[in-house]
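Two complexes, one shared chain (subunit A), two partners (subunit B, subunit C).
Let's look at the complex of A and B:
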């Protein structure tokens, strides 16, 4: 059993406040041959500088940046290490210091966390968090092969060579322990493909039914293809600042707290530990569950790294009851099952009751705390190094009241060569004040939870 | 831009990367035991008695040096599983194939491996399993061909 001490559980504390003011995305697609990687990053960078109503010109804002955190997971896809140096140069930011960040699927979240550390410590007043991935540079099966090496090579990688084969056993276990139906899983896929339908950025928009999801081909039992995320070419950017600069640059700054957790790469090696409680969970809540024979926490049902990230981030942000106080969340729905598992980790429901978050309607637009209005990874994108930044940007725009500006503008749809659907509808959460997002890697090896709070 | 959209220039290359890595001091003993004796073993911490499987040469809990490998029966209980249908040229076996997470008797954690010798529709969490070893073994985890019902 893993035993944690006081120091391990110390709540992170910024030395000064950190703010997010602007974000930039691209037209996410499976294959983007018309642009090279740096050009695609430039599209996101320019949207961030030009379309976010900043009170200084793009060139002036660029002149404030003195730290770049650059997220990319698989730069070996392009036969190119130290790709961040090429991107920094291309964005016109030489010779500002860039740090390459690599934490698998959580790379985007870790990239923002590192930029936030730069602001909070005083190293920088303005930092750029930028991430990208070009999954098309190897074919899909080769991509799966390389990405599946983010498992234990001694004992696990050689068996699977397909990432869903690490998550599918969790789905079997979770369904057995917590009585989860495949219909509930399918509802997550239906919801996120649908929300992708309203987004010009989305790679996999779709109006599916639960029956259609369940009738789609089996990838790894019990997960079907429509329950799995996209593989994407894409980039994303977020601009972070200290308090003074944030108000100088924007009328709508948003305060950021973000923390992370890590856990073993080997699924089978998850040792039992006490469940760290979220602020709204009473001691004793899980006593009954813990006494059941054969249970270990996090077992294969949950993600210790997500729980720890939420444990820290909620306390940093002063959140007492996440479901009540958050107006929306973005979760890492690489697979329907991992999405549902996360609901317990971040306190949308106590462990064992995750499915209720979907079945109650809370997770839908108009519900108590809607999830993945962006379309998430299933509907919109998973350009690995950019994903956690894309999620954060979607939360930022919601709090700034800019969902329509960035999703409903016909010009944006047209610039991507797409037609805005005639039945397009706004997914702007009215008066959104606080949002959280989960950036997740491996089989839960690295997770960040970020909390954005309205500061205007 | 229209011309580029019609005919983007793509450079096609490939990376050749043969590699080797050390599996570690105690794990070398572990794999040799599988290869030479068809025996699975765990690393027992002399101080806190935790049995690490796969073995580690330093106990992650108390930092004691671990030199002793204790033999395990190899028998275990299936905790969860999947059946892989997705096919690609880089897999060790051709789909469909079953992968299980198996908690071994006497170990504190589990092992992931193939399940075989059973109709896939009969695979149930909780079933007892035992390893089947390959005839030709090379001191790696694929020396176990699969786990079958015990």
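Let's look at the complex of A and C:
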């Protein structure tokens, strides 16, 4: 049993407030031969500078940046060490300091967290968080093997060589312990492919039925292909700044709090521990669940790193009841099961009742707190180093009321060589004030939870 | 004075994968890593002899004194070196959870499909991942350890599990 002490549970505190003002994405694709990675980053950077209604010219904004945090998951994929230097040079930001960030699938979140630390500490007034991945450099099976080296290479990698094989055991265990049906899992896939359908950035848009998801080929039992995220070539970026600069740059600045948690690389090494409670959870809530024989928390059912990140981030942001106070969330739906597991960690429902978040309708557009209106990782993208930034940018645009500006503009669809669907609809959450996003690595090895709050 | 040089290309031309909107070339890579099992070498040597070795913390000051599988040389609770302990035979465990590997990544060394299983072992604080060589996996099922002693792979695949009849 791991016992945490007071210092371990200290709530992180910014020395000054941090704001997000602009973001940029690209046309996410499985294979993007027409552009090199730094050229794709330029597309996101231009969108961030030119299309976010900033009150200064791109050249003036560039003149404010003195810190670049650069996320990229795997040198294997890029086959280029020190990509950060190439990107900073290519964007014309030399000789500003760039620092490479690597925390697996949570790289994007960690990249924003690091930039926020730069602002909060006073190191920078304006920081660029940028991330990318080029997963098409190898074929899909080799890509799956590369990713599986983010399991333990001595004790796990050889037993599957694909990441779904490290989530599938969680799906089997969770389903038995918490009575989760494969239909509920499939509903997550249906929802996120559908939301991807309304996004010009989406790689895997689609109108599927639950039956079609369940009839799709098996990746690792019980996870089907349509329940798994994309492998993507892509980039994303976000501009962060201090309070004074935020209002100088934007009429719609959004306040940022973000925190992280980490846990063992191998799920099997996760020893039982007390559940750190979210602000809305009463002591004793989990007494019954904890007394059942054979239970261990987080075990194969949950992610302590997500719970800790939420534990800290909600308190930093002053959130008491996440389901009531958040207007939308973006979760790391690498697999349908990991998405569902996360609902308990971040308090959309108490542990053991995660499926209710989907079944109640709360997770849908028009519901209490819709999830992954961007299309998420299943519908839109998983260019690993960029993913957590993409999620944050989608939350930012929702709070700024710019969903339509960035998803409904026919020019954006056309610039990607796509036709805007005739039945396109807006997924703008009316009057969205507060959003959270989860950036998640491994089988829960690193997680950040960021909270964005309207500040205009 | 530097000598006058003449230089020739002696590499292997890259094959072009496609040359449509952009020129895409294949850049082959073949690498062999030198990987040490380090202080866990006794574990991998023991597998080839049909033994499963765990590590156990014996530091009287340690608040936990746990037994570990996968082993680790040093205790994370007190940061002191641990002792090796041989698991008594027959080694019987219980399936905690499992998956069926259908579409593995490149380089898979087991015939597919197969069951990857996570095994609870008595007295061990962790859960041990492995594979089933026969039968149908089920949570709660008892399994017995077997060892690949004849043609060892020198990897974790040298231990496997079978259902207890």
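Simple rule for what comes next: the second predicted complex is superposed on the first by the 456 of 456 C-alpha atoms of A that agree within 3 Å, B and C clash if a C-alpha of one lies under 4 Å from a C-alpha of the other, contacts with A are read in each partner's own complex, and residues count from 1 in each chain.
Assume a residue touches a chain if its C-beta (ideal position, glycine included) is under 8 Å from a C-beta of that chain, and two chains touch if they have at least 3 such contacts.
Please read all numbers here as calculations on a predicted model, not as lab measurements.
With the two structures aligned on subunit A, subunit B clashes with subunit C. By the touch criterion defined above, A:168 lies against subunit B and subunit C together after alignment on the C-alpha atoms of chain A.
Of the two partner chains placed by the overlay, neither subunit B nor subunit C lies in contact with A:375. In the superposition on chain A, A:33 makes contact with both subunit B and subunit C.
When the two complexes are overlaid on their common chain A, residue A:322 makes contact with neither subunit B nor subunit C. Contacts of A:206 after superposition: neither subunit B nor subunit C is touched. By the touch criterion defined above, A:392 reaches neither subunit B nor subunit C. Counting contacts as defined above, subunit A residues 33-34, 79, 141-142, 144-145, 153-156, 158-162, 164-165, 168-173, 176, 217-222, 266-269, 271, 300 meet subunit B in one complex and subunit C in the other. Remark: subunit C residues 18, 20-22, 24, 27, 29, 35, 37, 40, 64, 66, 70, 96-109, 113, 116, 118, 125-131, 139, 155-157 touch subunit A in the complex. Put simply, subunit B touches subunit A in their complex at residues 1, 4-5, 8, 10, 13, 15, 21, 23, 27, 54, 61, 79-86, 88-92, 99-102, 108-114, 125, 140-142. Contact residues on subunit A toward subunit C in their complex (touch as defined above): 1, 33-35, 79, 139, 141-148, 152-156, 158-162, 164-165, 168-173, 176, 217-222, 266-269, 271, 300. Interface of subunit A with subunit B (complex): residues 2-3, 33-34, 76, 79, 141-142, 144-145, 153-156, 158-162, 164-165, 168-173, 176, 217-223, 266-271, 294, 300.
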